[in-house]
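The letters A, B, C and D name the chains in turn, as written, and every chain counts its residues from 1.
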Amino acid sequence: MLVLRTVLRKAFVLSIAMITTSVMADDRDELLSFIDGRYEETADLAQNLWELAEVGYQETRSSELLQSELRAAGFTVEAGVAGIPTAFQASFGSGGPVIGILAEFDALPGINQDAVPQRSPIPGKGAGHACGHNLFGAGSTGAAIAVAHWLEQTGRPGTVRLYGTPAEEGGSGKVYMVRAGLFDDVDAVVHWHPSDQNAAEASTTLANRSAKFRFRGVSAHAAGAPEKARSALDGVEAFNNMVNLMREHVPQQTRIHYVITSGGVAPNVVPDFAEVFYYVRHPEAESVREIWTRLEAAAKGAAMGTGTQVDWEIIHGNHPVLVNDVLARMMDEKLRQVGGVQYNSSEQAFAEQIYTTLNKPGLPLGSEQEVQPFEKSLGYGSTDVGDVSMVVPTVGLNTATWVPGTSAHSWQSTAASGMTIGFKGAQVAAKAMSLAVIEMLQNEQLLRDARAEFDAWRGDDFVYEALLGDRPPPLDYRN
Amino acid sequence: MLVLRTVLRKAFVLSIAMITTSVMADDRDELLSFIDGRYEETADLAQNLWELAEVGYQETRSSELLQSELRAAGFTVEAGVAGIPTAFQASFGSGGPVIGILAEFDALPGINQDAVPQRSPIPGKGAGHACGHNLFGAGSTGAAIAVAHWLEQTGRPGTVRLYGTPAEEGGSGKVYMVRAGLFDDVDAVVHWHPSDQNAAEASTTLANRSAKFRFRGVSAHAAGAPEKARSALDGVEAFNNMVNLMREHVPQQTRIHYVITSGGVAPNVVPDFAEVFYYVRHPEAESVREIWTRLEAAAKGAAMGTGTQVDWEIIHGNHPVLVNDVLARMMDEKLRQVGGVQYNSSEQAFAEQIYTTLNKPGLPLGSEQEVQPFEKSLGYGSTDVGDVSMVVPTVGLNTATWVPGTSAHSWQSTAASGMTIGFKGAQVAAKAMSLAVIEMLQNEQLLRDARAEFDAWRGDDFVYEALLGDRPPPLDYRN
Amino acid sequence: MLVLRTVLRKAFVLSIAMITTSVMADDRDELLSFIDGRYEETADLAQNLWELAEVGYQETRSSELLQSELRAAGFTVEAGVAGIPTAFQASFGSGGPVIGILAEFDALPGINQDAVPQRSPIPGKGAGHACGHNLFGAGSTGAAIAVAHWLEQTGRPGTVRLYGTPAEEGGSGKVYMVRAGLFDDVDAVVHWHPSDQNAAEASTTLANRSAKFRFRGVSAHAAGAPEKARSALDGVEAFNNMVNLMREHVPQQTRIHYVITSGGVAPNVVPDFAEVFYYVRHPEAESVREIWTRLEAAAKGAAMGTGTQVDWEIIHGNHPVLVNDVLARMMDEKLRQVGGVQYNSSEQAFAEQIYTTLNKPGLPLGSEQEVQPFEKSLGYGSTDVGDVSMVVPTVGLNTATWVPGTSAHSWQSTAASGMTIGFKGAQVAAKAMSLAVIEMLQNEQLLRDARAEFDAWRGDDFVYEALLGDRPPPLDYRN
Amino acid sequence: MLVLRTVLRKAFVLSIAMITTSVMADDRDELLSFIDGRYEETADLAQNLWELAEVGYQETRSSELLQSELRAAGFTVEAGVAGIPTAFQASFGSGGPVIGILAEFDALPGINQDAVPQRSPIPGKGAGHACGHNLFGAGSTGAAIAVAHWLEQTGRPGTVRLYGTPAEEGGSGKVYMVRAGLFDDVDAVVHWHPSDQNAAEASTTLANRSAKFRFRGVSAHAAGAPEKARSALDGVEAFNNMVNLMREHVPQQTRIHYVITSGGVAPNVVPDFAEVFYYVRHPEAESVREIWTRLEAAAKGAAMGTGTQVDWEIIHGNHPVLVNDVLARMMDEKLRQVGGVQYNSSEQAFAEQIYTTLNKPGLPLGSEQEVQPFEKSLGYGSTDVGDVSMVVPTVGLNTATWVPGTSAHSWQSTAASGMTIGFKGAQVAAKAMSLAVIEMLQNEQLLRDARAEFDAWRGDDFVYEALLGDRPPPLDYRN
């Protein structure tokens, strides 16, 4: 027997840090009341974004809606940042600390659903808020305005800055904003995401990079002169074959997946163009880079071996989310102070009807009222929040904007995102985030601890480099 | 050394049959004059079809145009035959012999071009007559009306029947008409095709069969739970791989080609559906059937081996064209009596300008005036005329409707098909075909010889079976 | 962003069990002295096995040597058990508890090396003890005899039973012995393995199963009549291709690997036979079985799709090693009482010379004197000890029989296994094992705790089934 | 319909050349008697070679036997030519014309059979004359000696030169001899081959080239660290996959075939070496070269795409046989003068017994007495006679040395090659060849016509280049 063993890697060291809560109970109550008082504004905003359902980099009116709201609340808005017309930053207050709040607002193409508890597509609507980014945008805006209100009331130093971040879905909008240095002066960042449960987010994600590989060959009539042709689809298939062979020889946490986005037009014509769209993911950005180099070699080898040419366009790329344990535990505490979502009777009826349509829901109805136990986890998705988390300590949470058991990107999530269940979830998020932000604005030790953990993880020689390189934002990727 | 040899297969036995021309010179002159006199009607018809550019099985107005013309000339029209709304047959005369004339009129999707000698797409036009079937329809109609005129004038027995045959391009329209028995009482069939040269057609084609193979798997998030998924695209790629291995083990004249018509939607979702569109061709229908059985086994094996399901839909299928030497030589004689196409000065200018855009044209300008030497050839295309030729002795010709050197399915062929060069070519075809038809109506020996050759080739136990089986016409294949 | 996360699986619960040492210091000293006094016998035995170097299931003389030694010490020997001529069990004592000791003794084909510190193959020798199973056999025999001595001296009840287990290397010898029920009355089993370090073994292994898949096609001259052939190698390549596609869709801890053991004879003959040898591994036997079913489907699908036939022969299969924490900690304690290996000056010189030939050794010279920290680990190898551990609580250790940094299956491990460094390591193993055995013979609570842990892991409805099914021992697998 | 056609390529122009027979009937009778009188010597030689059965480039004793016989007959022998120890040339006579006779004598590995009419391997014999090259060597030597006798008797000018050509089977022995210029002064070459029928040879062959492609990767334990490995077998499989894709895009007469000669050693070790052995063939050498370039690109692309390295060794390469119609018709005439093979009663019994073992024999018993009709054919095998035929007009024949219906490379061909049926066939060959040679020695016009045809085919700018390049003879290719 060959002796082969791996000593079990130590799981996260669960540092049981003492969280000193410095927010006074009075401040907290005031803040929560303020947010409750702005429910209609937040709900209207969420509703409007839901109806617009603009897709990545085309969120012109959605972005403008958020900006208007913030301007009206006294924020200074800088629009069109990082070379992206729909990206913006809106600041309030002065001096440090500077705390950022992320706000997404792009919709998903190819899905649409009315805000009703049975499958009901809206004719002619090409996109929908199946990931609840309308709530994300409205809730974060609500939180920012509440913090501004607190800053004004208390006269304390500090700045709250809301980042309007477009095109999260496959567009990596935040990466361009990080690359442009927009987070360089920020002390910490807060974000959230719609979900079917309430929980402080302590989940990592996978680094990823995607590209469209385009093969070009020589066309000819497939029956009359196939020997004169060089099939671009051969290039794609040879490429895929080598990648599938490669699967045995990459670290097991790697994920590589592809779809053939152009596989020829008509069988009687040898294709002179074919395209395959790849993702590569791994828990570590450096591994993505190493595997990517091999992917490129496979593409070039396939072109060489099939008499075709290949080039590729990086489409997007995200760093993994770096979980900050200090901040995550603080967020858990704040969320527990806020609590979950309470349905009224019509919401309860809506939820019950939705629940009957779910496939093996993992949570029971009623769990929307609870906050899940704090738990570290390994996530296998990817998000451009990762890049933010690589340049500034970042913390997030999920709230139950969807009926328990609902998956993202479903008609059920689209429906709930367009009605009061979603809006109430956004309020929970706004409350927990604003509590977290004012904690950070007052608690220097907390920020120091968070930074120390952050610095230790990154190491001394860390240099941020976007995984999507120096490409400009793909403003037309949804055309 | 292993001794391996194949005695050279005897090429076509060139039976030097004596063609006894029985058409009187007077009749001939009369007929050619009649056709010349109807130039405007034929040109208008060709022009109108060109502008309509209706695609396969959707040629409602084109079919109606042809029917109107024929009805006006005294033909009895039966529309909607063989279960196809746009298929029809139009008869004139009575008693035998019965001679059929084929008329195609479908356009090609994805190509459009104005009738000018430089690249000039017509905005918003989704299809074009890049294969000149507008000329085919108008020319054949002209021929049929001329023959009717001759029958009326001479009072001779015999019937001329024009077949309006839709969806030649990938739709195998004629196959359904053959399958429905519409040619059972016919003694011979005449057809033609637009081309860049004038020649009696003595070229075989390949039998073919096509199908869309649809694989269905199980979807899952490609990063989060790939082990729960079964990729439909894996099924397609495994299928293709086995077919590519099979290429070594089929007769060398076989042609197998495919395009991937659905290769997944987004890389982050393991595809639960994928589709590949295959053609199989071989000079003999029986070989196509044998290879097809192996193709199906590969599809089923791929599904079995990748944990997916597969089914397939036969899209079309054509028999090879059976060349009738007796009739082909007769047609060569008739075409030589008619001669080629004469350009006027503006047509000459048009032709010269087109010629500068051609890639290595195989024929010189001026060759449109000539008739090419009679020559047998092996063709590697496929056409549904093949099925007609399997049930009745069939003969065809090409005429120079396009500038010499022009390829079919090009913008140059589309342009010429929409102006007088194309219309003049159609007149040449109408003349040669009508001469051929009245020859056959009078020359019993010729028909007996043609039938004898036909019977000898098919053998005693021949039974016609469509290669596309018993599927109904795919009336929606162009949707 | 799609929320996808996996809560970190709890690592082994490190139950900090109190090990009550019940072996009296006097007993221990007596036992260690006894083993020291038998050094020459153990060394001679190890030397003789090393020279014989008999491969799996052909270890006739090696097995006989061990049996003789045990008979001479008063053991009752039953030879030829489980249908294997070279398998045996040798018992001493009466009543319970019954403690088993495993002894391997097969050599590896294709490697040979003299017992010198530089590369020096022995001409004409076809196999060698590159995995040190000569030491394994001799050391375990020494331990068993020492325990027998103790039983005799103390007159205590209890039985020690040495299992002579052939063909560990790819032959799964122990599996047939487990399947035959030879361990049914045993309370615990002790084993060890030669290594480059001293450590109680707390490493799991992977379950595995292997088979040779044999494809049969139809041969023909590859240039003269390839269309008449069906290539068996096509079958193998299509099979492999589908397995490589499958890699994306199995749990990430899965291991699938293959070599093509027969890929055709001459290029000018289409192969009618081809063979590929596969291993499938996973931490859990049940997963191996599930993936295996898919592997079989891929093989059948490949045969179907390439017009070939396939059958397969399971070659071997092992369960994962079930680590018993209670016993492993006890073994760690015993090993620490014995200590490591002390080189004399010539051994030191030998070791230094070997060390210069190693590629990036992971341990320093001198570490042979130490005992490594007790640590749980995930192993990626496989061993038939796994099956034993599934039916009876099992514990093992490694000792430094090879120079630190030496890999198994190397000429360096072969060399050290044939001289005093190896023999001294075997003595360390004999001492620790015999201490462990007499602990278990006296300490009822320990056995109860071990059994409780064992029962808890297996669950109530556990039924042992060999992964290699009901195939007979492949007695000729080394021919 | 896309018009795609190929005008039937004109088959060989059957030039009906008048063959003026100039050999006097007396001369002919004398010569045939002389050969009859040497039957025992020829049979003994054939028998001795059959028993030696030496494989390619190792035919030391076989070559020496032939040389001795020729020296004894007055030939001047030059041994070890072209860098090949077993190659030789033996000349007799002086001045021109110079006529060459080829003599092969290598056996095939892996086949052996006693000279009896039922399957009966000879134990311990590793090779056999399954292609009858023992007869080839003996028969050609007999012909050369007969011509020498005639030259001596007549005192005419002219030289006969026997070429001892080793390693025809996969070794391309003659190519090195051609490359060395050994045929530069020769006017025509005569050869023959054992067969199951008598026929002047007018069959072309395919040009071919072969190579072993060797991939090198990085090894690692396949379960423990597959991500560190780069599988050489992946390289081979990716290469093969791209070649299989390429099959659609080569001229249909191309033949590409391969076997995997090294596919890894053990599944648990990722292979760092793998080898695939390829042949490429096509009727034209230039096409082989073009396709070969693409094959190399596929190999390099596969290495690039799988992280491996590849190199390759050309193993052999032959030009196609250029049939000389003038000489082939002359040879047909000579063979008809000689007639076929007559069996005695024991040979008849042997033949009948063999015949029962044949699978669908293509010829009846008794046909060994006939000469087949003269017929041009396309052959799909390859032989190094091709290279000779590219530098000098060459003509051959087959004789019925094997029972009608027998395939080459079978036990039946081996058996007949070792007994009188084979020896009688060799005599027929010796007679026809010597008649042909003395015809050419006397008939200047014949040689001029042959040369004119030869020059016309090659064209003015023809330069001979060996398809195996400048590699030295692979003297060890049978080790």
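By definition in this document, contacts are C-beta pairs under 8 Å (C-beta built on N, C-alpha and C of every residue); 3 or more make two chains touch, one makes a residue touch a chain.
The model shown is predicted, which means the values in this text are computed figures rather than measured ones.
Undergrad: Counting shared numbers against all numbers at the contact of chain A and chain C, is it over half, same, or under half, different?
TA: On the two sides of the chain C and chain A interface, the residue numbers are mostly the same, over half being shared.
Undergrad: With chain centres defined as mean CA positions, report which chain is farthest from chain D.
TA: Of all chains, A has its centre farthest from that of chain D.
Undergrad: Taking the mean of the CA coordinates per chain, how far is chain A from chain B in Å?
TA: Going by mean C-alpha positions, chain A sits 54 Å from chain B.
Undergrad: As a quick test, compute the distance in whole Å between the mean CA positions of chain B and chain D.
TA: The answer is 48 Å.
Undergrad: Mind checking the centre-to-centre distance between chain A and chain D? Centres are C-alpha means, answer in whole Å.
TA: 70
Undergrad: At which residue positions does chain A touch at least two other chains?
TA: In chain A, residues 2, 4, 221, 223-226, 237, 241, 245, 248, 252, 257, 268, 270, 380-382 touch at least two other chains, as defined above.
Undergrad: Once bound in the complex, which stretches of chain A touch chain C?
TA: Chain A reaches chain C through residues 1-8, 11-12, 131, 168-169, 193, 195, 203, 205, 241, 244-245, 247-248, 252-253, 256-257, 375-383, 385, 398, 408-409.
Undergrad: What does chain C use to touch chain D in their complex?
TA: Residues 170, 206, 208, 210, 221-226, 233, 237, 240-241, 255, 257-268, 270-271, 276-279, 281, 380-382.
Undergrad: In their shared complex, at which residues does chain C touch chain B?
TA: Residues 2, 4, 221, 223-231, 234, 237-239, 241-242, 245-246, 248-252, 268, 270, 294, 297-307.
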